[in-house]
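Right, one structure below, let's go through it.
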Amino acid sequence: MKKESKFLDYIKIILVEIVAFFLFLFFLKIESIWIVIAAILLAILIYFLSKIYKEKFRALIELFSRYQNFAIGVLFILLIIYPFISPLIITHSTYWMLILIQTGIYIMIALGLNFQLGSTGMMNLATAAFYGIGAYTAGLLALKLGWTALLTIPLGGLAAAFAGLLLVIPIYRTKGHYLALVTLAFGFMLVLAADNIEIIGGPQGLKNIPPVNIFGYNFLTEIGSLHFYTNYYYLVLAILGITIFIFARLFNSWIGLTSAYIRDDEPAAKGCGININLRKLLVFVFGNFFMGVAGAIYAHMIGFISPPNFQFAQSLLIVAIVIIGGMDNILGVIVAAILLVVFPEKLRVVTEYRIFLYGILLVVTLILRPRGILPFGPRKYDSSILKFARKGGS
Amino acid sequence: MSSTSIFLQIIFNGAMLGIQYSLIAVGFSLFFGVLDVINFAHGDIFMLGAFVSLTLINVTGLLNTSGATYVFLLILVIILSMIIVGGLGVFFERIVVKPVSKGPTLMSLVATLGLGIAIREAVRLFYPRGSETKRFPELLVKLFPGKEAIEFKGIILRYDNLLILAVGIIVVILLALYINKTKMGLTIRAVAQDAEAASMMGVNKNLIIDVTFFIGSALAALAGFMNGLYYNSIIFDMGAMAGIVGFSAAVIGGLGNIYGAIVGGFLFAMVESLSAALIPRGSEFMTVIAFAVVILFLVFRPSGILGERAYERV
Amino acid sequence: MKGPLRLVGLGIIILLVFSPLLVFNYGCKPKEEEKKVVKIGFIGPLTGKYSKMGIGGLNSFKLAVMQQNNSGKNKYIYEVVPFDDECVPQKGVEVATKCCSDPEIVAAATHYCSMVAISCVDVYHKFGLPAIVWGAVLPDITYGNDYKEVSRVNGTQVEQNEFNAHLMVDELGFKKFCIIHDTTDYGRGHLKYFLKALKKRGIEPLSIDGITIGQKDFTTILTKIKALKPEVVYFGGLTAEGALIKSQMDKLGVKAQFLGTSGIKSDDFNTSLGEHAEGTICMLDGAPIEKMPGGLEFKKAYEEAGFKEPYEAYGPFAYCAANIIIKAVEKVGPDREKLVEEIDKTDTEDIIGRIHFNEYGQNDVPLVTAYVSQDGQWVPWEDSLYAKGERELPGFAYREGREWVNPYQGP
Amino acid sequence: MAEEKKVIFYTEDIEMRFGGLYALKNINIKIYENEILGMIGPNGSGKTTFFNVITGFYKPTKGRFYFMGEDLTGKEPYEITRKGISRTYQISRLCLDLTILDNILIGTYPVQKSGYSDAIFNRKKLIKEVKKHTERAVHLLNIFNPDLIEKLFVPVRSLPHIDRRRVEICRAMIAEPKLILLDEPSAGMNADETKELMDDIEKVRKEMENVTIMIIEHDMKVISSVSERVIALNFGQVIAEGTYEEVSHNKEVIEAYLGKEVANG
């Protein structure tokens, strides 16, 4: 009996995910503005249904959180088979694959920022600059020294991480809006510097960066009839998976707890014995690493980078992803990234009004949900702790 | 042209920029004082100021008049645009800034950024031929028939620029008097320094916030008007950089401190002008240098020039 | 337990609602038509600051396609698929990929902005899509690679600046130059090639200053320049900054001749400056529409087609790009590989005159025309009152130490 | 009475000046091992400032203080906490959006051993540690209010005032410090709640024998039951010291309080 109900639960999860997966595919497929509007209305309808059938919705969430690993597994399989299914349904499947890869890259950067901003409360308005440092490092190493992506990608991350050390004194001495301004100025300075240093290409940037080539496998190879971007899709999927895994573990650990305390109440954190400056520096460096990795992948994939790719507007997008997603919530960041990166591509149909609507969307979302789409939930550390605490209670 | 006169000319140019930066920075400082928000849409309010006054110039037919009517209409245009933009500022504060200011600080930052984008794009889309650079008429030249400028050892001090600078300085002084001498001004200061204590003393905080946003936005509108007169061209995205510079100036001066904002505005402008003039290839790097100075300031005087060293309330 | 199940049911219903869409799309594909539809792409900045240029280009492009479709002689029906690159490199790469990944698009006319074009050439090469640049002037776009896919109808900065220096130095006899350029690819390109052209004539500029896009205040640079007493201030950049520089030159009393590039040849420059624009010289690829072999017909057709926006400086080039593509498709059919070969061999006559692609895919029959701002209009140099001697360039008056009187008193 | 007891903390001429204002002047006090010391004084007499100085939040303008024989003057708050001094705050300083468990566990920071690499790669070590501390947290909550154990994963925001105060005291106690400083634990509570809380503190006292507690109160009746020794502060200076009886009958102390009441009236 018990086994049967568990089996039934699994089926339910699989069904829900498949339905969501195909809905998403259809959403990518549709080109007409009216159907986009219809899709938005449908999303609103689902939202209200979730309000009306609150209990049932909660039960569904409960189901997913109970079999979390299974649900993630199913989702992962769906994402793996995506490249094979999408050409059957979507007209511009390669383009959408590029957009999805870029969404993945943005999620990676946003997770890095989420660790700084969402978890620790450190504003960083130079994310695009750190992303750029990763991209330039990887690009230069690959171009000038011919190093393999196996080295350049982690080194890109490290370069971005250590560039964060340049800000060590400001991090020690400023916080809040002041730190925001320091990072903003830092971002501006880096972009302008890149524009003016001829060795790294100046405004022309770096061209012809070799593609990723791991153990003789060139990522420009096409997989059967699939486009070569599929290679990068899997690469980004894998690295993103690892990133999510790491940040989920950090959230459910002392690191996450310490960071949250620094974010919410710095004096109290000091009073608990936390060396705030050191913690902040570690968080800053650690978060930057992922931005650098993301940049390095982007450089190898597109093969061309130039300063305008890393301007303030990009940093703003990342900040918006983290804040709209709900700070310190990995799932929220992912949802917001899809909303803010994939969705505007659909709004291309309304070309002229796109940016205007984007601004309105930001404002309305934050007025309606001032804590973001998905605010952070309780830190559970581990299922065993949860069980232990429940036992302690009864 | 001697090097001294070049230097003096640069100082004068810096002052022209400085007065505009200051008027924007004052808004940032005031809003931060009463609401604890950084209103990133403020740069776009500044832009609105320029566009509203351009519209008013066309509507009133200012350019076709002369003599006393002209002067009267000119002053009317300035005051009307300040009132309209001030009102818009209060409107945006009511529907966006205040509601989000209750949430986490950084939320309000993003919401105001979104608001700024929306305002900017709205002007581009809905103002007639809004994406083009607009010509802003040289209104002040008409006030000085005949000669345009005093020329002194190669330094050119244009009458219209001198007038802009003078008006700016008078407005700044009036603002200082208002803040220090009137009851409302003192209340604003009290709220800025300690909102909790002020509200305990029975201050109507909402009214104060409205008044503050009105003043801040009106000053930004004036800065926009000046910007139009100074450059004779305005464009829908002129607010983006102005906002960042205004914010920096406010921070250099110490957020929440009005005098600090004014000093910060002039300082930022001077650093820009001087570095463009004195450093080789400086013009490419002048904003970078100004930002570097901002960073140094924050590091060595984290609470700004005139900001007070705050003891953490434990 | 019931709840989730019902939700799953709801999901399935939604799926069923959507599935006709899928069927619909595939079911309707083979339309009953005699002529096959061929899609050709157009990429340019359709939104943002440079949208006017992009829309002007798109309209001209559409015009060529409409004429072709209505001619009755064509083997195929052509359909334009526009894409917006926003003049942002990353967006450019995205839409270029989108354009390339649509197998039905066989060729495209691409990009107004140099920075975007240079970042996208790799994409066209990787996907093997023939792309004809219709507006970007950075030489490297064609000269910097050996991709057969990329070609260009308009000239580059090399020709522009050579012509520029020729006019100013050889014909008008100016010797003292100050150079201002923006720090983008575009501005630096102009700097590089103008310097080259000056050097050829044995001239060193008095000063070189870089400015950033979005900068508003140039009084400091101009104060410095004023002290150097140049005869000509050259600006390699776009209208927004160019207009500000000219206006501030007048305010500071820098009385030298103002000389621009193709970047400031827009109506905006004249309207935003009013009388201050008078006497400014700039260069542009191609001839004025009246002097182009087929220019007047193009202008007429454009007006008759009822486009609201002007075709702008590069409209005729976009028009020609469309014609080249269509001609090639008519000849070898809608096949990318064959089209690449065919377009690469282009040697034809069109409204801008002869078009011949050299080994880099660059149209090496470039036309450059100098314009001067006269009474709020850009007038071709040869036709202007200035060339005829009826008006005097501000630079001449300054060189000879006379006060220049502005002949134009505003609209 | 304290002759044979060991002094674990003492100050030497502590002075704290804000601008021209003396918040503390010539403070010389001793804290003996395992005692419960009360500090009383009217509002604004410098009690909280004293705590802020000895926990490192403010750097004293003059004077030094020693804990377990070590000079801690000028040390950062986190360093002082790690030496074994923990505190609560007058205005509750909990992170309201975090769970009860989180708010208590953060108190174990000085004894936590798992860092970044353990969090990512060595989950077993981390979880073992979390479990150990969670057990301790449950144990402490059991003393204060067993109802809270069920709410371990509930945000503190939903708790009533007194429970928040309890959580805060648990946070201060969980790492087993040698000296606990309680800054007006009864602030904002009614008489019954205050009584309850004082009982709790006594329970704690019984539970943890090796702990020294110092309590600040402006209402001196509150600590009559718990504290063995009382120090009275006014205008930043010590005006009386001794048992509760002695201090409460001190003329200066009565004046300080009466003066305040008159001013209030």
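The chains carry the letters A, B, C and D, assigned in the order they are written, with residues numbered from 1 in each.
Quick note on the criterion: contacts are C-beta pairs under 8 Å (C-beta built on N, C-alpha and C of every residue); 3 or more make two chains touch, one makes a residue touch a chain.
From a predicted model like this one, the values you see are computed outputs, not experimental measurements.
**Student:** Which chain lies at the heart of the structure, taking centres as C-alpha averages?
**Tutor:** Ranked by how close its C-alpha centre lies to the overall one, first comes A.
**Student:** Let me check something: if the centre of a chain is the mean of its CA atoms, which chain is farthest from subunit D?
**Tutor:** Chain C.
**Student:** B-C versus A-D: which interface comes out with more C-beta contact pairs?
**Tutor:** Counting C-beta pairs in contact, A-D comes out ahead.
**Student:** How many angstrom lie between the CA centroids of subunit C and subunit D, rounded to a whole number?
**Tutor:** 72
**Student:** How many angstrom lie between the CA centroids of subunit A and subunit C, rounded to a whole number?
**Tutor:** The mean C-alpha positions of subunit A and subunit C differ by 36 Å.
**Student:** Roughly how far is subunit A from subunit D, centre to centre by C-alpha average, rounded to an integer in Å?
**Tutor:** The computed centroid separation for subunit A versus subunit D comes out at 42 Å.
**Student:** Return the residues of subunit C touching two or more other chains; collapse runs of consecutive numbers into ranges.
**Tutor:** Those would be 51, 183, 210, 212.
**Student:** In subunit D, what residues contact two or more other chains?
**Tutor:** 57, 89, 93
**Student:** If I count partner chains per residue in subunit B, which residues reach a count of at least 2?
**Tutor:** 281, 284, 287, 312, 314 - these are the residues of subunit B that touch more than one other chain.
**Student:** Enumerate the contact residues on subunit A facing subunit C in the complex.
**Tutor:** 5, 8, 12, 15-16, 19-20, 22-23, 26, 29-30, 35, 42, 49, 53, 55-57, 59-60, 63, 89, 91-95, 98-99, 102, 192, 195-196, 202-205, 207-208, 220, 227-228, 302-304, 306, 308-309, 345, 348, 351-352, 354-355
**Student:** Please give the residue numbers of subunit C that touch subunit B in the complex, ascending.
**Tutor:** On the subunit C side, the touching residues are 48-49, 51-52, 183, 209-212, 214-221, 223-224, 226-227, 239-240, 243-244, 247-248, 251-253, 268, 271-274, 276.
**Student:** Once bound in the complex, which stretches of subunit A touch subunit D?
**Tutor:** Its residues touching subunit D are 246, 249-250, 253-255, 257-258, 260-261, 264-265, 267-276, 282, 286, 376, 378-382, 384-386, 388-389, 392-393.
**Student:** State the interface residues of subunit D toward subunit A in the complex, per the touch definition above.
**Tutor:** Interface residues on subunit D, with respect to subunit A: 55-57, 76-78, 81-82, 86-87, 89, 93-99, 101-102, 105-107, 109-110, 112, 114-116, 118-120, 123, 126-127, 129-131, 134-135, 138, 149-150, 152-155, 171, 175.
**Student:** What part of subunit A is in contact with subunit B in the complex they form?
**Tutor:** Touching subunit B: residues 117, 121, 123, 169-170, 173-174, 176-178, 180-182, 184-186, 188-189, 192-193, 196, 267, 271, 316, 319-320, 323-324, 327, 352-353, 355-356, 358-363, 366-367, 370-372 of subunit A.
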